[in-house]
Structures are given as structure tokens and as C-alpha cells.
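In the two complexes that follow, chain A is the common piece, with chain B as its partner first and chain C second.
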Partner chain A sequence: MNRATVVKLASVSAAVAILIALPYLISSYYVSLISIVFISAILASSINMLAGDANLVSLGHAGIAAAAGYGLAWAARQGFDLGGQLAVAGIMTVITSVVYGLISMRTRGIFFLMVTLAAGMVCYGIAFRWSSVTGGDNGLTGISRPPGLAEYWQFYFFVLAIFVIVTIALVITSRSPFGLAMRGIRDSETRMRSLGYNVANYKFVAVFLSGVVAGIAGVLAVWQFEFISPSAGGFDRSAMVMVMVIIGGIGTLFGPLLGATLVVSIEQVLSTYVDRWPMILGALFIAVVIFAPQGLDGGIRQLAAWFRRRRSPKDSPITGTSRDVPKQSTSTHQ
Partner chain B sequence: MKGTAMHSRNTALRLRAGAVALVAATALALSGCAPSGDLAADGSNGAATSSDTFTVGLLTPMTGFVAAVGTDMQQGWDLYWEENGTQAGKFKVKTVMEDTASSADTGLSKAQRLVTEEHVDVVVGPVLANVSLAVGSYLAKAGVANLAQTAADDLTQRSQNPLVLRTGAYAGSQTTYPGGQWAHDQGYKTAATLCVDYAFGWENCGGFASAFTDAGGTDTQQYWYPADATDMSTYVSQLKSSGADMAFVATAGGPDSSNFLRSASDFGLLKSMPILNNCCATDQAILQDVGDIAVGVKSVHYYAEGTDVAATQKFVKSFEAKYGVIPSSYAMGMYATADMLAKALKDASKKLTGTALVDAIKALDLSDSVYGNVKFDEYNDMVGPMVVRHVEKRADGKLWNVVDESYDDVSQFWSYDPAEFLKHPSYSQSFTGK
Partner chain C sequence: MDPIFVLQQILNGLSFGALLFLVASGFTLTFGLMQIANLAHGAFYVLGAYVAVVTVTATHNFWIGALAGTAVAAGTGLLTERALLRRVRGREMPEVLVTVGVLIVIADLVLAVFGGHPRSVSSGNGAPSGAIVIGEFVYPQYRLAIIVLTIVIAVALFVLQKHSRVGAIIRAGVDNREMASAMGINIDKVFTAVFLFGAALAGFAGAIGSGLLSLTPGSGTDILLFALVVVIIGGLGSIKGAAVGAVLIGLIDAFAKAWLPDFSYFTIFAPMALVLVLRPNGLFGRAA
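After this line comes the complex of A and B, so read on.
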């Protein structure tokens, strides 16, 4: 094992150790906040997967999450048992994901964005208007977490585990031939078509898979808040999740988590001390777009690479001359 | 090439590390090793820190689409404690403020923060219906009393719980029942209704339509408009051509209210048809926006700035002296809540929390509150006076509402039997009374 691998392994183990120790170190409120961060990060991951690998930017995924959440909440209030609740949530997720997939599979770029935006608005509209089922604007209250997850720390570990599973699953998908084909479609749709790929089908499957991830986030969110209202599926929510993805870094592994951490901290913690927190969030967003187009994840990597080069110029692949070489070429070697 | 090889090896490592984390996490969760007793206990009960400090958690929307309401609420709350001091009986009242950002999710975690971090003894607010319903059900679980400021019917009806007391407002339909009675008493036989299409509008419309129909009138047309409608002229012309004797209009108090009054004025509807509004079309914020066209506009509400009830007059006067504007009903709700809380604490020998606080407030004599003569029903909602009012221009040029007619002791169940009433579904666009 070389040094970089050891460092990487050590930092991952340290992160895992810290995450597992957290409930023993901090109070219940902050543990719950971290659960919220992970849930947001799962939803952000679902968008990140589409945006990163397929360059399909969705502004409607909160709609899928809300559909799953409403399915769970409605079933819980009808007195279904846990299996029944999850089944209803699952069916809702599949239906909405299929609809999203069908209407967006032949679009790309701005058209994909508009179609998903519209689909999200429809989800919001149904939740808002179909009051006999969804409770309208008042939402559905009185939902409880299943017995084994009732305590805040149990739920935290559960969410952490789901986040890890989802992240691994997304990495595997991205590294699979399917992921490769998606990146091919991203880079040149016409070439992929001429190679015999059915581009629309690939897009459908990608949207469906990311919809399933969004559905998982939707169920977790209902368990977290024990409540759901139409705003869970609204444009504001979808846009905020997109902001998380962009701040964290589109298409990066830890981007969604970094973005979710920052946005949730500003929204929940900073707002206690600063009245004008939306301005800070806006300024941060602009700063990231200008100075770190790769997001925080990309920015941190660049910074780390720059430090490494400065500290040990001898380890650098282009010894001695690194400072004279134009930036562009050094970064390709990294 | 080297990069790719490295990459896949790193991925493999990452995967392995992830699997380890997963197994460890699951093992921990399954083995059920709860965090140390202190922390766990800390989270589950909101015991206050000091015995003579009474901590109030204030949940108001300081950002988001109802931020203006949040400011009003804040001012009403502050005014009371500045006038009366923060010492209530044996207790020093300390206020911790939190912003709900006009969102239920944020409001919920802020409520959690107030309970587990600030150890508040009571939570006052929030004002938005969905935020309040969500926060109310969380606080009930946490065992913390909630002095609610929202109009959502179900908060004291179908979702009623013993820890939530509505001190800052009345139920949505409760304020408009007298409007239906009034319309009938004026001799109108038919009415068309135009209401905003979400829970608040449904409740307002349901109240008016039920009482008007009960009294013998007929609700001939019901129009609904989406909450974000900007052009109200189509609805105004629909009302104009409805042929009904009068119109009842329930707007939400945002731009829709101003737009309705402007369109109704432009199209001559204000002159050609008798219109009764709900609370919000002639709220102070709207009056300052639309100006003189609102003079003479009638509405039904629990509050009239130009009333001759002494306690209300005193409040309006001191609020105007301090902030330079006539207070809104939101400011009054907070002022009244502070008043009730202070009175309950004044007589208390030990700190009142949970249901003890709710019961103490319910037992108070509130015959001269800023609402007028009110008392609480067994569902934790106020029974009190409603007024039909119209807008008048004061000598100094400011607009305010003055009372035409007063209806005392209006209950959220109007003339119905509570048990029977609660069997009906909540009011909606498909149900506005039998």
C-alpha cells in the first residue's frame, strides 16, 4: 500500500468512527439535524446521479420523494402495518418514477429540466388540492416511526446505514457498463445512437433508478419529521436540493453530503443567530459557482492537490518544473 | 492509464470501508446500546434549568413568504413585556426566539431545538396552519404546552390535543359564521362566494355558507381561486354576473387581497353589489397598500382597530405610539397571549408547565382581555365576540375598521353540537356544510 492509500483508508475509518460515536458525544437535537443532513444528502444523491453521469438536471425530484412520503403517511393513518405502509410507499415511488421516466426519456438539457419541473409541480398540486386524501395544505400529522427506530439515535444509525448503502449502490451503478453508457450519452448522444444504443431507454432507466433513491429519501423524511405537507414536493424543495448538489459539486461522490451539510447548517443552525441567513446562502452559492465550479468536493480536492505539490515537489510527477508548467497540463496528470 | 487503475483500486477500498461502516452501524443499532443516560434523558424531557426563570420559546416566521407577519407578532409580544415588565409573579420571563422560515420542516426542527436545547417551558406560535399542526403534534409528544397563533380549524377540532391552546387567534370557520347570520339578517336571500382555494379559504367559506344556509339563505355559486392568482378581474366579473343578492369573499391577506379590492373597485363591483369580506381584505397591511378605495368595505372578524372596547383601544393606542402603525390582528394575538401567560404565572406558586399551564390559562377570568369578553371551551379554543365592521378614514388620514355589529360568545361549533359537528369532514372545496 502506498501512502495515499493509507491516508485515504485512515480518513475513511476516522470518519466512520466519528459518525458512529456522534450520538454519544452530542445532544439529541444535533443528532436529529445530522439525520436530516443524511436524508437530504440521499435526495441530493438521486439528483446528483442524473446530473453527473447523464447531464440531466432535474428540478422535480422532490415530487417523487413527496409521493413516496404521502404513500407512507396515508397508509400509516389508514392503520396499515409497517409492511403495508412500505408497500404503498413503494408503489407510489414506482408509479411516479415511471411517469417521470416516460415523459422525460426523449428530452435533454433545458427540456429535461422543464419537464421534471412541471412533473414536480403536478405532484405538489395533487398534494395541495386532493385534501380528502392528503389533508391539503395542512398536511398529514400523527405518523410514528416504527418501534425499532422510535428513538432519535436508533433512527440516526438507520439513516446512516441507508445512506451508506445508497451511496455504494450509486457508485456501483455509475461504474457499471450502464453508468458508462450514460456518460457516453452525456458526451455524445448521436454517437451512442449510431453505435446502436437505445438512448431513450437508458434515460428511462436512469430516471427510474434515481426516482427510487428519491423515494427512499421521501420515506425517511416522513419518519424524521413524523409529518408531511405539500411543500415537501414543491419547487422550493427541489431547487434547494439542486443547490445542495451544486454547492457540493455535481457528479462528485461526497458532493451531495457536503452540500447537504452546508445548506442544512445554514438553514437550521445559522438561522438561529442571523436573521438574514438566506442572503448568506445565496452569497455562498454564487461564490461556489464562480470560484469552485466543481463544488466543494472538487474545490477541496484541488486544494489538497495544490498543497501536496507545494509540500513535496519531488513526489510530483513532473519534478522540479511543476511551477513553470501551465496549470492545465498539471491538472491532467493528477 | 495509471489514473484509471488507481481509481478502481480506490473504489474497491471505498466500497470495503463502506461495508465495514454499514456492518458496524447495524451491529450498534441492533445491540441497542443507547447513548449515555444523561444525553438520552436530556433529549426526552424539557426540564427547565432554573426554577424562577420561565422560558418561552417563540416560533415566528422571520423569513419566507409570511415574514411580514412574523415582524408583527414580534412587536406585539415585545410591547406587552415592555409595558408590564418581564417579572410575572415569582417568575422572570425569558424569551428565546426562533425563525420557522415559513416552512413546516424548519419549524419542526426549531421546535425540537427549543425543547431539547433551550429547555423552554412553553412554545408560543407558529402562525402558519401546516407549521402549527406539525409543531403541535411534536410538542404534544414532548409534553410541552403550545400557545398556538394559527386559525386552522382542526388544531382544536379533529387534531385537538390537551397541550395545545389556541390563544392568538380563533378557528378559521368560527370567525365567519356570524357573517352568514348577518347576511341573512340584512335581508339577502342568495349569496355567491369567492374564496381562496386552500384550507384557510375552505374554512372561511364553510363557516359563512353553513350559517347563511342554516338561517334560510341560499349559497348560489361558489368560486375558488388559486392562492397564487395575481389577476382577480375574472373572478370579479364572475361575481358581477352571478345575479346573487350579495357576495362573500375570503382572501388570504397577501397580494390577492389587494388585487381583489383594486379589481372590484375598477370594475365597479364595490358599488354595484354588497360584499362581505373575511378578516384579511381589510387588514392593516392591505389598507396601507390599497388606500382610499377600501373606505366602506365590510368584513367579519374578531378584531376591529377602531372598536370601543376599552382594553382593545388601549392596546391599539400604545402600539401605535411605539411603532407608528396601527397593529394587525397577529400583533394583537401575541399581545393577548403574553397577557394570558403573565396572568397565569402571577398566581402560580410553582412553575406551570404542560397541561397545568394550559389549565391555569383556561381558568383565568378573561372578561376584559384585548379580545373583549372571552373564555375557553373544552377543546382549547376561545369562545368570544366577532364583529361585522367597515373601513373608515380617521381624522389623520389613516384607515381602520370600525364596528357595525357585534356577536358575543361565538363558539367554533357555532350553533352545532360539538360531537355531531366533529363527525363531519373538515371544510373543503367539496364540503362547505350540509
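After this line comes the complex of A and C, so read on.
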């Protein structure tokens, strides 16, 4: 084990220890806030997986999350037991993910973005208009968390565990032959096609898998807020999630969490002081896209590399061999 | 089925389709030339609409309002292209992401300046108002005027694109950017001009749309969805496709609103999904 691995393991264990200790250290308000961060980060991870490995940036995944959330909420209101509620949420997730996959599997780049945007808006529209089932603009209220998760700290630990599991699962997927094939498709569809890969099928599976992750986030969000309304699936929501991914650093491991932390802080904390927080967030987003395409994660890595160089003058700053900058996937052209 | 009802729905569909064409043609023109999916297009629409409503209230002249809305949208488009998009030129994903950022900022700006209450342009004020009555058939003149006006604009666009020097330059730019600039065309200026023109069309659509649909800060993303569906069905970059898609979606939406009000979003989505599965490049689109 070299030094870098030790440092990495130590910092990850320290982070996990702090996260487990948090509910004993800070007030319930902040613990709930961190739960929201993790739920948003799970949704952001679902988009990040597609954006990083496949260069497919989605502007509609909030629609899948909302479909799952509405499934759960509707079943809860109908008096289904927990298993039944989760089954309905699961069916909704599968249906929407399959539809998203089918309509987007032959697209790429901005076409994919526009198609998912339209699909998400339709989810929003159905939630808004089909009021006999969805409650229309008022949404569905009074959905309580299952027993065992009712307390805010119990739910926090549950969300934390799900986040860790989802993140590990996504890392495994990304490192699997499937993930490799997706990166191959990202770099050249023509090459992969001539190697005998069915590009559309791979994209379908990728969208489906990310849809499942989005569905998990949707269920958790309903349990967090004990409420769901059409805006959960709307364009603004999808855009915010995409903003999290881009600001955090596209295709990076901690990008979604960093981005979710920043966006949720602005959304929930800054909004009590400043009315015009979406404008600030939008301007920040534009600045990141133009000036820091690698996002926060990339920025922190660059900063760390800079510190390392300063500490060990053996590394020439000109060749910059110790630079550890993630591959910039936003500008990949086919 | 009542023929008068059907005729009214057809005209409703055509007038909404006319509005969609104005929004979608600007979008598709920008995309065809610059490969930019300008999602801020919805924001230009809403900006034009609010400026028009406020100006009409102040001046009591509909056409001054429409002009002001068009001008403000065009100015914002110019600023977006010059100050922001230019910095990420040629990189498709950052370009579209910048336009998303612009959309977020303008939507919030509109909310801050004009408030969240639904508005609409006061009728009359030099715009056609009242209804046309033929026997039992009654229909608002304003909607008929939109249809006629849009047909004039559409024909002008076609003629301009096919038979004028400007149109030839734009077609050359669409076909081969490098070759066009090698022939001495300042393609950068053409980009700016087309982007500005697209924004102006969106602003104008917003101005006349504010008399047709209710106007809220969220109207921008609503109309953007419809425009996206129109261009995805018609084929990105094709004005002909935008016209066919707009009429199709306008009609489908009008009849869906009358017969299946709960699912009116779904009914425009179904044809889009069908087109995407059967012809991924749209009805009139070229292979990407």
C-alpha cells in the first residue's frame, strides 16, 4: 500500500466517522438538511453516471424520481402496506425508466438532453393535470415514514447508508466491462458499432440503471418531506440536479455530493437571507461552465496538486507530472 | 360531432401552432447554423411577453408593445451571444449548459421585476379584437390575425432563405462553416446576427402570445417544451420541419385539451416518442 492509498483510506474513514457522529453533535434542523443533501446527491449521482461515462447529460431525471415518489405517495394514501407502497414505486420507476430509455437510446449529446428535458416536462405535466390521482398542484400530503425511520436521526442514518451503497454500486458499474463499453461509446460510437456493440441497447441499459437510482432518490425525498407536488418533477428541479453535477465536477466520484452540498446550502440556507438565490446559483453555474469545466472536485484536485508541488520541489512545476486532473468529458466530440 | 366545434378547435390549433412556429423557427435556425440548442429561448419568449404587457399598459398601443418586447429579447440575445456563448464556441455541451444558466437567471429576473401573478396583454389597443361572426360560427379576430401574420412571416422566411443573399450566406454556413469563412464571409458576424434574429422572433412570439395564453414567469419553460417537441418532430435545423411540426402539435394539443384535458401533455409526447423511435432525426432532419 503506498502513501496515497493510506491517505485516501484514512480520509474516507474519518469522513464516515464524522458523518456517523453528526446527529449527536448538531441540531435536528441541520441533520435534516444533511439528509436532503444526501438525497439530492443520490439523484445527482444518477445523472452523473450517465454524464461521466456516456457523455449523456440529462435534464429530465427529476421526472423519474417524481414518478417513483408519486407511486409511493399514491399507494400510501390508498392504504397499501410498506411492501405494496414500495412495489408501486418500483413499478413506476421501471415504467418511466423504460420510456426514457426507449426514446433516448438512439440520441446523443444535445439531442439526448432535449429528449430527456421533454420527457421530464411531460412527467411534470401529468402530475399537474391528472389531479384526480395526483392531487394536482396541491400534491399528495401526509405520507409518513415507515416505522423505524420515523425519527429524523434514524432517517438520516438510513439515507447515509443508501447513499454509500448507491455510490459503491455506481463505482462497481463504472469499473465493470459495461462501464468500459459506455466510455467506449462516449469516445466513438462508430468504433464501438464496428466492433460489434449494439450501441442503442447499451444506452438503454445505462439510462434504465440511472433511472433506478433516480427512483430510489424519489422515494427517499417523499419520506423526507412527507409530501410530493408536481414541482418535484419539473424542469427547475431537473436543472438544479444537473447544476449540482456540473458544479461538483462531471464524472467525478465526489462531484455529486459536493455539488448537492453547495446547491442545497444555497437553496435552503441562503434563501432565508436573499430572495434572488436562483439568480446567484444561475450565475455561479454559468461561471463554472465557462471558467472551471472540471467543477469543484476538479478544482480541489488541482489545488491539492499545487500544494503537493510546493511541498516537494523535486517535481518540476513546468512538466507538472504530479498533476491529477480528471479527464474533461464535457467537451468530448464524436 | 358538431362541425362548428370542430372548426373552432382546428382554428385554435392553428393559432397555437402559429405561435409555436414563431418560437420553434428561431430555435431551429440557431441550431441549424451554430449547432447550439438554445434553451434560453424560452426565457427570451417570456422576456418579450412581459416587456410587451408593460409597454402596452403604458402606451396603449399594442404594436409599440410588440416592438419593445422584440427589441428587449433581441438585445438580451445579443448580450448572451457576445458575452457568454462566444467563450465556449464550438463545444456543444458547454454551449447548451450556458443557455440553461441564462434561462435560470432570466426566469428569476422576470420573477423579481414583474412578480409571480399571471398577466395578459390588455386587448384592443390597436390589435385586432372582438369576434368574427358568420351565422352560428363565432371566433376571436385576434387568433385569426395571429394565423395570418404568422403565415406572412413564414413565407417571408422561406423566400429570404431560398432567394436572398443573406439566406445564401446562412445556408452556406449551415452546410460548411470553414468553406464559408474561406470564401470571405465573416461567419462570427453571421452567428451573432442569426442568434439575435432567433431571440427577436422568440420575443415577438412572446409579445403576441401574451394575448393568447396566460403569462407567468413559468410560461418560458412551458413554451420551450412545446418548441422542443416541435423541432424534435420536424427535425432540428429545418424551417420546413418546424412549420409542419408546429401545425401538427398545435392541432393535437387543441383537440387533446377539448377531449382529454387530464392528459394534454401526454398527447403531444406520444407523437414525439413515435418519431424518435421511427425517425430519430425527425421528419425533415438530416443525419447528425
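General remarks:
Quick note on the criterion: the second predicted complex is superposed on the first by the 308 of 334 C-alpha atoms of A that agree within 3 Å, B and C clash if a C-alpha of one lies under 4 Å from a C-alpha of the other, contacts with A are read in each partner's own complex, and residues count from 1 in each chain.
Keep this in mind: a residue touches a chain if its C-beta (ideal position, glycine included) is under 8 Å from a C-beta of that chain, and two chains touch if they have at least 3 such contacts.
None of the values given here were measured: they were computed from a predicted structure.
Three-chain overlay on chain A, with chain B and chain C in a clash. Of the two partner chains placed by superposition, only chain C is touched by A:A119; chain B is not. In the superposed model, A:E189 makes contact with neither chain B nor chain C.
By the document's definition of touching, of the two partners only chain C reaches A:P293; chain B does not. In the superposition on chain A, contact of A:V16 is made with chain B only, not with chain C. After overlaying the two complexes on the shared chain, residue contacts for A:D275 are found with chain B and with chain C alike.
After overlaying the two complexes on the shared chain, residue contacts for A:S27 are found with chain B alone; chain C is out of touch.
Chain A residues 128-129, 131-132, 275-276, 278 lie at the interface with chain B in one structure and with chain C in the other. The residues of chain A lying in touch with chain B in their complex are 5, 8-9, 12-13, 16, 19-20, 23-24, 26-29, 32-33, 36, 128-129, 131-132, 136-139, 141-142, 151-154, 157-158, 160-161, 164-165, 167-168, 171-172, 175, 221, 225-227, 229, 231-232, 253, 267-268, 271-272, 275-278. Within the complex, the chain B residues that touch chain A are 8-11, 13-15, 17-22, 24-26, 28-29, 32, 34-36, 39-40, 42-44, 62-63, 98-99, 101, 103-106, 108-110, 112-113, 116-117, 129-130, 133-134, 136-138, 152, 154, 159, 197-200, 202, 425-426, 428-430.
Remark: chain A residues 55, 57, 59, 99, 102-104, 106-107, 109-111, 113-115, 117-119, 121-122, 124-126, 128-132, 234-236, 239, 242-243, 246, 275-276, 278-279, 281-283, 285-286, 289-290, 293, 330-331, 333 touch chain C in the complex.
Chain C contributes residues 35, 37, 39, 84, 87-88, 91-94, 96-98, 100-105, 107-109, 112, 221, 225, 228-229, 232, 236, 261-266, 269, 272-273, 276-277, 280, 288 to its touches with chain A in the complex.
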